[in-house]
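The structure under discussion is supplied below as structure tokens; questions concerning it will follow.
The first chain written gets the first letter, and so on, giving A, B and C; residue counts start at 1 in each chain.
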Amino acid sequence: MSLVETRLEKADLSLPPVPEAAGIYDPAVRSGDLVFTSGQLPFVGGELVAEEGCKGKVNEINQALAAHAARIAVLNALAAVKGVLGDLDHIERVIRLTVYVASESFFANQHIVANGASAVLYEAFGEKGRHARCAIGVAELPLDASVEVELVVSVRKG
Amino acid sequence: MSLVETRLEKADLSLPPVPEAAGIYDPAVRSGDLVFTSGQLPFVGGELVAEEGCKGKVNEINQALAAHAARIAVLNALAAVKGVLGDLDHIERVIRLTVYVASESFFANQHIVANGASAVLYEAFGEKGRHARCAIGVAELPLDASVEVELVVSVRKG
Amino acid sequence: MSLVETRLEKADLSLPPVPEAAGIYDPAVRSGDLVFTSGQLPFVGGELVAEEGCKGKVNEINQALAAHAARIAVLNALAAVKGVLGDLDHIERVIRLTVYVASESFFANQHIVANGASAVLYEAFGEKGRHARCAIGVAELPLDASVEVELVVSVRKG
């Protein structure tokens, strides 16, 4: 198992299977030393489970659950990167994370939801998991997902 | 005519004229092997035509029209890339597509709207048109546009 | 003082102090020749001042104030880049600017708000400040900020 996946397991996190291409776009695409993922929803086994905070609008009451959904979504993003690189140990650095949060009116803690995803990256990569980040509150997400996560990582040379 | 434009014509799609810089930003900017476009609205001849789904909020009733608007917007994005590269045949790969959809409450089919743009990229570039994609539902877009599309492509060497 | 900061001062704009890392993400990250910033809010001295248009939803009445907030946020983004590069004169070109505007219903002038940020980049860098740009109207932003700004710049070689 890769070092990164070992670190994830120690943190009680496990990588989902590498996703297959959905339709006419890909889960992730490499260009030079960068890998860009598609926006990833908090699917578990192909489902968005409302009880786990993965579906519906986010507010101050359910924000901790939504942070949990952000953890799931970023693990899906890492699985998409693995699909391109074969092994997450080829990642040199996490560059950029965007977390879109489907927000109820007046909900202003998108950054707290995004911390769920940032924490996973730190567990997986340590200091190399530090990234530039955007947390945005949006009106609606596909399939009524609570969060959508997009990742850019750089690839180790050689 | 370039191969890519020939493919577009065969699919009954035609590239609009290369856009001019609007104010103090550019339709697209190249950095190394990547070209980033500005967010492109579904303008046809300088107008957002409501009857063609290019203006107003998107819902389940008008989502097919909005997918049509996404086709228009991504063609505008390709025209912006042409303005930088001179010829779309210099594109090596489509890397990343973001589709922002101005969404009515409870509309959750942003991915279906985005498919309109993804399909154009497949028509134009075949397998090299496969991209990482984000589909996001937003509150409002400039000039009450229904969709806004942003593109990143990589450039063939030599 | 750097040339860029001299230009900013002549335009009566001053760069805030270089930000420190907040939690487990960084204000900006470099990858190869690109620097990606985190989404920057219009903080002044650690505060979002509502009277200066930095907090709350944007509408046609307060859009000029929100453009002012976008100026503040993009200066924060430049400070984040300085934290990575040491000197803003190392910037070769501004590549891409995204301006998220927390929008009231029916507000459709996100591009006018974004012009506040674009103008700062032009003041700072002249023609090299011309960038690809997205202006998006979103439901909510962290801490009820009125705008959030994200920047990608390229770095001069050598």
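Everything that follows uses one rule, which is that a contact is a pair of C-beta atoms (placed from the backbone, for glycine too) under 8 Å apart; a residue touches a chain by one contact, two chains touch by 3 or more.
Keep in mind that what you see is a predicted model, and the values were worked out from it rather than measured.
Between chain B and chain C the CA-based rotation angle works out to 120°, given as a multiple of 5. Counting the residue numbers that touch the partner chain, chain A and chain B have less than half of them in common.
Taking the mean of the C-alpha atoms as each chain's centre, chain A and chain B sit 25 Å apart.
Of all residues in chain A, those that touch two or more other chains are 32, 138-139. The touching residues of chain B, counted against chain A in their complex, run 32-34, 93, 95-97, 103, 105-111, 115, 118-119, 121-122, 129-139, 152, 154.
By the touch rule above, chain C contacts chain A in their complex via residues 21, 23-29, 31-32, 36-39, 98, 100, 102, 138-144, 148, 150.
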